[in-house]
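Letters A, B and C mark the chains as written, and numbering starts fresh at 1 in each.
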Amino acid sequence: MAAGGCTAGVVLSAFDYKTEKYVIADNKKVGFLFRVIQLAVLVYIVGWVFLVKKGYQKREENIQSSVMTKLKGVTVTNTTNTGHRLWGVEDYVIPPHGEGVLFIVTNFVETPNQRLGHCAESVKVPDGHCKSDEDCTAGDTVIAGHGIKTGRCLNSSGTCEIYSWCPTEQNYEPLDSMLRKAENFTIYIKNFISFPKFHFSKSNVLDTKNESYLKRCQYNKVLHPYCPIFRLGDIVKWSGHQFQDMALKGGSIGILIEWNCDLDKDSSMCNPKYSFTRLDLPNSSISSGYNFRYARYYSDGNGQTFRSLFKVYGIRFDIMVNGEAGKFNIIPTIINICSGVALMGAVRVFFCDLVLLYMMKKSTFYRERKFELAKYEPFH
Amino acid sequence: MAAGGCTAGVVLSAFDYKTEKYVIADNKKVGFLFRVIQLAVLVYIVGWVFLVKKGYQKREENIQSSVMTKLKGVTVTNTTNTGHRLWGVEDYVIPPHGEGVLFIVTNFVETPNQRLGHCAESVKVPDGHCKSDEDCTAGDTVIAGHGIKTGRCLNSSGTCEIYSWCPTEQNYEPLDSMLRKAENFTIYIKNFISFPKFHFSKSNVLDTKNESYLKRCQYNKVLHPYCPIFRLGDIVKWSGHQFQDMALKGGSIGILIEWNCDLDKDSSMCNPKYSFTRLDLPNSSISSGYNFRYARYYSDGNGQTFRSLFKVYGIRFDIMVNGEAGKFNIIPTIINICSGVALMGAVRVFFCDLVLLYMMKKSTFYRERKFELAKYEPFH
Amino acid sequence: MAAGGCTAGVVLSAFDYKTEKYVIADNKKVGFLFRVIQLAVLVYIVGWVFLVKKGYQKREENIQSSVMTKLKGVTVTNTTNTGHRLWGVEDYVIPPHGEGVLFIVTNFVETPNQRLGHCAESVKVPDGHCKSDEDCTAGDTVIAGHGIKTGRCLNSSGTCEIYSWCPTEQNYEPLDSMLRKAENFTIYIKNFISFPKFHFSKSNVLDTKNESYLKRCQYNKVLHPYCPIFRLGDIVKWSGHQFQDMALKGGSIGILIEWNCDLDKDSSMCNPKYSFTRLDLPNSSISSGYNFRYARYYSDGNGQTFRSLFKVYGIRFDIMVNGEAGKFNIIPTIINICSGVALMGAVRVFFCDLVLLYMMKKSTFYRERKFELAKYEPFH
């Protein structure tokens, strides 16, 4: 009955057989409470499911993206042992083919003219230390070292002689970054995305006739939000750090490009948002910094090969693209409406049960009876 | 009452105390309408939730994938300033280690025998122009240029003298693609996937005894859907463009491999689908094309280093793998059945309420009374 | 009525007009059954939705991750045609910049001192075979070969003469892996993750004061679960294979780092789990193995370039990071509670309907009537 009587927010009444009176729930109170609950549910469905969560749209999170990067800038370094060195894009960008994950050299330690041969292991390698030849078993590799032990212990250095690229790498920590000017290098980020399900594709490059703008502009959240050219120094700054600090030992920065597109609107409203975060932990002494080694191999006139070993420090930029698009679709719309209706119905039942229970507590007749009854009596 | 009376699709009746008559909803109409709604819900649950959305399966979207690529093909280019050059896989594939994102050279501009020294900045660099030495402050880098100003202004070229790799890069746009034959190169894509949750793994390489087939076959949607060897020209064609057009200035193409596996069926039914889309916008003059620079460093007999600078245009292939698998699992099955049941119940309540409301409108007694009542009366 | 009468688990009764008796469902049975169902629903909501699925949390699956790798180890190879060769990190890690996808050379075939010129195509290339000059059309590229046909057929080899890097690559399959000791190389994996929505970031590197520990430790599931240094041999072993087997022809291994963080707990409880799986299929003869070619270019005194061609076999490591985090949030909590309530209500309605139906079957009066009625009668 209750459920039935409830439906129109009507009075709930139960007949008390003891007192021969009716227990009647106050029409207004119950009705009002009921409406409030209905309203809440309605607000949830319309406000949350449809407006906030866009329940009438089909979502597409599988974004296809292609990132291409291009740097501009050149600088000169001057080291005692190699003199002037010019750093162009082809040198300081690794890998050179403009990928979405790129490393930019900001500092380096060069060990030129290494040749295969025998020399002393660096004193910095614990496993290389020795007192006598016994400590240097021939053929063993030096753990975390540079070569293979030859079996001799060199008194001059107190380390084992090794077969290796000699001289061994210069093992000093750089005190200052060589490519300070890298701060002014600019990176041009081309990002093409597409949402295959919706046959929609777009680029982060402003679609403008004014090409010179794209040649000169520099990204700025406020002034030039759609300019795809970024100054390295700015990127680091926006990530909350100082370029020169990072330049010394290197680090890793994430450039996040977010596309949140409502394809029911015009495509010109679908624009990327950039955010910049440092991806390594600058504080922890062990895990901060970013460096690696590579070598350039040469051959002299006599067919002998020699090499220059570079230990490069720098900043790695991870360009991460994610996004989602939504477009009106009938199926989710129907489903959401239905489940909204269902919720409405279910919540009401629940509500009515509560009210009825509460009333039954109030009425007393069921104490007399073995089993409880709720009753409607015609008025005659 | 209604809810109760409704449940078995019975007659809905309300007693009108004014007219002493019964308001009875037509059994057939209501019952039929009700059945229709029930059917709709049932169809939704069975048809959509279970059959279409496979609600009885546990889904796994976290696909582990490893892509390895291998190209085949060789071609010769003939340029005035460097003569014959042979392009093998080790040259035109960058990076050489067969990754899922690879770049294939289709065109290039070479600047051989560059040496560090002093020369005139290219006239194409605006910042390099000068009238007098004042315009060339020593030590300044030329913005978007090739080197560092030495302080002298060269009248011969009307540009500043710079410390750079000389001669500066040949700055012409290629009019024709050098590696036209790249169209016939083939790419062998190995893709290994696994769905860790289901301990299922598979490869896109047809599991056949006939190895010679895999050595000779060429992918074709209809004839050879499971052959993992693709002709570059075809890939570009399938993406809706012309290879020779792209070859000139380069571009970016996405190769999408999709795995949608119903692991309740045999694993031989779990096969990849390939699709090809161009990821850059060919029309927009600024953002189309793909090129970058790299240098090869040499050393002459006297320990002097010189280099060849390559500006390479080409096509980048992004091989993107995504997919999902489903397998019967009891938990989602139960949950979906339950929520189906719940929906049934809820919709019914809602329906009954509507009917009751409609009836109450029809009946008049509640206008007399302060509170409305729905009643069932035995017929005597 | 039923729905109403049902609510408190009360007796369900229906008046049978034929027998003038009441059909009364056994209070205990029905009530008990009803409670059981209620309990089941409650268990589902509390146990599954809230405890297992953490329905009170906002989930974040969009994990930002940056992986950097660093290898340690050096070894020597001794080949007849190139003598001793030292393999350092800068040589055997490709690409050298510590990426999340890296290739480690375990075997190689070197073809030194190649120069551009004319020589015989390898006999292994079917398309290169010839009987007479007619078979070698000048200018044609040899399919899957090394160069361009010159038009001559060399009787000595029975293959076409080609313009290529000569001599052509040594085309033998390695019988033993040259870099056996690579098994003992160690890889240091730095993984920085962050959940932007929660402003939470962490590294897999144990945050310890004891740095020497991180220099010496080696990952072990039991003993050192938080040490980020892995021995290559172990990784392969944990993936269920033998290093020396893979080293010969190469392969691909996935290192999966999983972060499942409950950010309601302390951040020290948020730790990565490592798992290792082989990503290629070792059995299938065609698709197993991993190798590619690269060349080192040199210049002799006379400005002539020559090169060494390397065909390297090795193991590719794909470091894949995925994870999700959860943190208490009011919105999902409310939504889940509501839908729980809704489910409760809905299931009840359904239950009551069933009971009523069952009862109506039991009672007979509706057979007499055109339309069915359920009735409550006071007992007097």
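Operating definition for what follows: a residue touches a chain if its C-beta (ideal position, glycine included) is under 8 Å from a C-beta of that chain, and two chains touch if they have at least 3 such contacts.
Chain by chain, the UniProt names read as follows: A, B, C = P2X purinoceptor.
Everything quoted here is computed from the prediction, not taken from an experiment.
S.K.: Interface check for copies chain B (P2X purinoceptor) and chain C (P2X purinoceptor). Shared numbers divided by all numbers used: above half gives same, below half gives different; which is it?
M.R.: Different, since most residue numbers here occur in only one copy.
S.K.: For the identical-sequence pair chain A (P2X purinoceptor) and chain B (P2X purinoceptor), what's the CA-based rotation angle in degrees, nearest 5?
M.R.: 120
S.K.: Counting only Cα atoms for the centres, state how far chain B (P2X purinoceptor) is from chain C (P2X purinoceptor) in Å.
M.R.: 18
S.K.: Can you list every residue of chain B (P2X purinoceptor) that touches 2 or more other chains, as numbers and ranges?
M.R.: 1, 3-5, 95, 298-299, 301, 342-343, 345-346, 348-349 - these are the residues of chain B (P2X purinoceptor) that touch more than one other chain.
S.K.: Mind listing the chain B (P2X purinoceptor) positions that touch chain C (P2X purinoceptor) in their complex?
M.R.: Of all residues in chain B (P2X purinoceptor), those touching chain C (P2X purinoceptor) are 1, 3-5, 7-8, 10-11, 13, 24, 27, 62, 64-66, 68, 70, 72-76, 84-86, 88-91, 95-99, 113, 181, 190, 192, 194, 196, 201, 203, 205, 207, 211, 214, 296, 298-301, 306, 335, 338-339, 341-346, 348-349, 376, 378-379.
S.K.: Which residues of chain B (P2X purinoceptor) touch chain A (P2X purinoceptor) in the complex?
M.R.: Of all residues in chain B (P2X purinoceptor), those touching chain A (P2X purinoceptor) are 1-5, 15, 17, 41, 44, 48, 94-95, 101, 103, 116, 141-142, 144-148, 163-165, 252, 254, 256, 275, 277, 279-281, 284-287, 290, 292-295, 297-299, 301, 303, 305, 309, 316, 318, 320, 322, 342-343, 345-350, 352-353, 356-357, 360, 366, 369-375, 377.
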